[in-house]
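By letter and in written order, the chains are A, B and C; residue numbering begins at 1 in each of them.
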Amino acid sequence: MFVLVHGSWHDGSHWAGVVERLESLGHVAHAPTIAGHGHGVDKDVGHEDCVNSIVDFIVAGELADVVLVGHSFGGSVIAGVAEKVPDRLRRLVFCNAFVPLPGQCLLDDCPPHYRTLFRRLAEESTDNTIQLPFPLWREAFIQDADLETAQRTYRTLSPEPFRPLQDILELAEFHRLDLPKSYLNCTEDIALPPGEWAWHPRLSARLGQYRLAQMPGSHETLLADPSGLADKIVEAGRD
Amino acid sequence: MFVLVHGSWHDGSHWAGVVERLESLGHVAHAPTIAGHGHGVDKDVGHEDCVNSIVDFIVAGELADVVLVGHSFGGSVIAGVAEKVPDRLRRLVFCNAFVPLPGQCLLDDCPPHYRTLFRRLAEESTDNTIQLPFPLWREAFIQDADLETAQRTYRTLSPEPFRPLQDILELAEFHRLDLPKSYLNCTEDIALPPGEWAWHPRLSARLGQYRLAQMPGSHETLLADPSGLADKIVEAGRD
Amino acid sequence: MFVLVHGSWHDGSHWAGVVERLESLGHVAHAPTIAGHGHGVDKDVGHEDCVNSIVDFIVAGELADVVLVGHSFGGSVIAGVAEKVPDRLRRLVFCNAFVPLPGQCLLDDCPPHYRTLFRRLAEESTDNTIQLPFPLWREAFIQDADLETAQRTYRTLSPEPFRPLQDILELAEFHRLDLPKSYLNCTEDIALPPGEWAWHPRLSARLGQYRLAQMPGSHETLLADPSGLADKIVEAGRD
């Protein structure tokens, strides 16, 4: 069984294409929305609220043997969830996802020009949230889709609460957990710039022993090629 | 509309397979030859002559809304063209191409063993040009083609004027331009060696915000897989 | 003609799928077993015994015009073979293989956590050999196969003699040889971790001028996709 945890500016509905493919392959897949995410909700949340909302979803559903998948920001969420309900999990799959070091915040893992941009956007908002400018979304997040898809999906994004990116994450327990871990890297993902600040191998290496899976695609492969991503999640997530 | 600017040792005719595919897809595509390039021409040119010859081509043809594509050496040419006729351009696409820093020359971006080799070859020539040795062409430029293709295409190459590689390029204006930019990286291109001196992300990162596209292939994918490259140029070049 | 030299924990039989494909394409292919490797043999060998066993195989068979392919540990073996019978060889192909520097041992090219692990495993054995733990094999060596394949192939592995990994290799002559060389890199091979300790370009760069070929796959692509690997070996190994 898969539980798919989305990233910043997303909500659970952005996994729809992936869920559809997983279900067509006979898998059970859930895609809950993280607290403070999506449209028309209170954005005043911290990182722990985010983690707790996914823990609550898993516990309430009495889910077990879960392959827990995190995309982007969702990586830090599944790391926190793994500390709280490790016995319910079979494997963690990080999809171009953050793997925070203990005692740091997510902003520490973003290159300086993003830190500056995000701080400015949060200050300019009325509710301490950040919204991606369309040109950045189109060029660096979803460059492998056509313009119409980029425009249509941009309208489904919602402002990202800034506080979870600033909260210090302990996560010492996560790094001691013996759970199997995979890193799924889409090779054209430049949402974090290639090189010094890249997703892989900078963040994947922090997992210790891990399984690597790769496929062509941008940061938003879950929107540009959901079926292909689902197949790769199955490969990355199996025993 | 595409204008395709070739690299060293090439002339416009080397784009023939790419142009054919682009036209079959309904696009207009031009592939002019840079000044001092091709067979039977005066090789005594500097980098500015190279740039001006492409500017002249665009202005004479009254071309507008141009997606300007540069391969290899052609990257430095399209950067110079962009400074002179920015209003005629829609986007720049760098295909395993140089992206010079202001105040440097192209040789500065070549690894030491190439600098030494190129200087020696230029000195040994009668007209300050350099010609690639076949083993280097076969192994590091077109290793994904069969031997017959490598031999046949080698015979179409012409000596490269050395001066444009030594000329200091200002290009301060280029780096301030707000034009959309893409970098198309063929993942087996070892014409520049992988690692410290690689095309990507070393040179792509200089573009600031850019769109990345990747495909399998050597430096001479325009000869080894022109149709595949054309499709990727469309993806990299669209809005 | 291809001579395929296996890596650690393997013997010649692990090339069976590759040999079958090469033969179906009309090639001659041999896959000898290195001294001290395989089941039920004396494991008390040094690196020179390994090299000599392959030299003997080539000389005894009066083989000539050989494309000599080495996988993993086999890279250090074909480097040694090339010093002894260069005139019998047409090209060397390193498949995610070691390319030792003169005066070093293979352990020098392994990251610290492997050195520690291998030393401990050798000490715990009764015959100075090392055996891979299954979780490491499954996650870092053959992660692109299904679990059944991983389990079945794990049972065919045999303990690796530790001495050849500790022996100092001279190989000064190898690095002066003018033989054509290729590096075939499977892009998901994390048997050596991506980044600082990666196969490519860390080890490939030591070849000087070389031809690069790449394909998707883990360290055990010879087991997970033998037919695809055989096709790539043909591409990497042709003139």
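The rule we apply is simple: a contact is a pair of C-beta atoms (placed from the backbone, for glycine too) under 8 Å apart; a residue touches a chain by one contact, two chains touch by 3 or more.
Note that the structure is predicted; figures quoted are calculated from it, not measured.
When the CA atoms of chain B are superposed on chain C, the rotation angle comes to 120 degrees, reported as a multiple of 5.
Of all residue numbers used at the contact between chain A and chain C, under half are used by both chains, marking a mostly different-residue interface.
Centre-to-centre spacing of chain A and chain C amounts to 37 Å, using the average Cα coordinate of each chain. Shared interface positions of chain C, defined as residues touching 2 or more other chains, are absent.
Those residues of chain B whose C-beta lies close enough to touch chain A in the complex are 180, 200-202, 204-205, 209-214, 235, 238-239.
Against chain B, the residues of chain A that register as touching in their complex are 135-136, 138-140, 143-144, 146-147, 187-188, 190, 193-195, 216.
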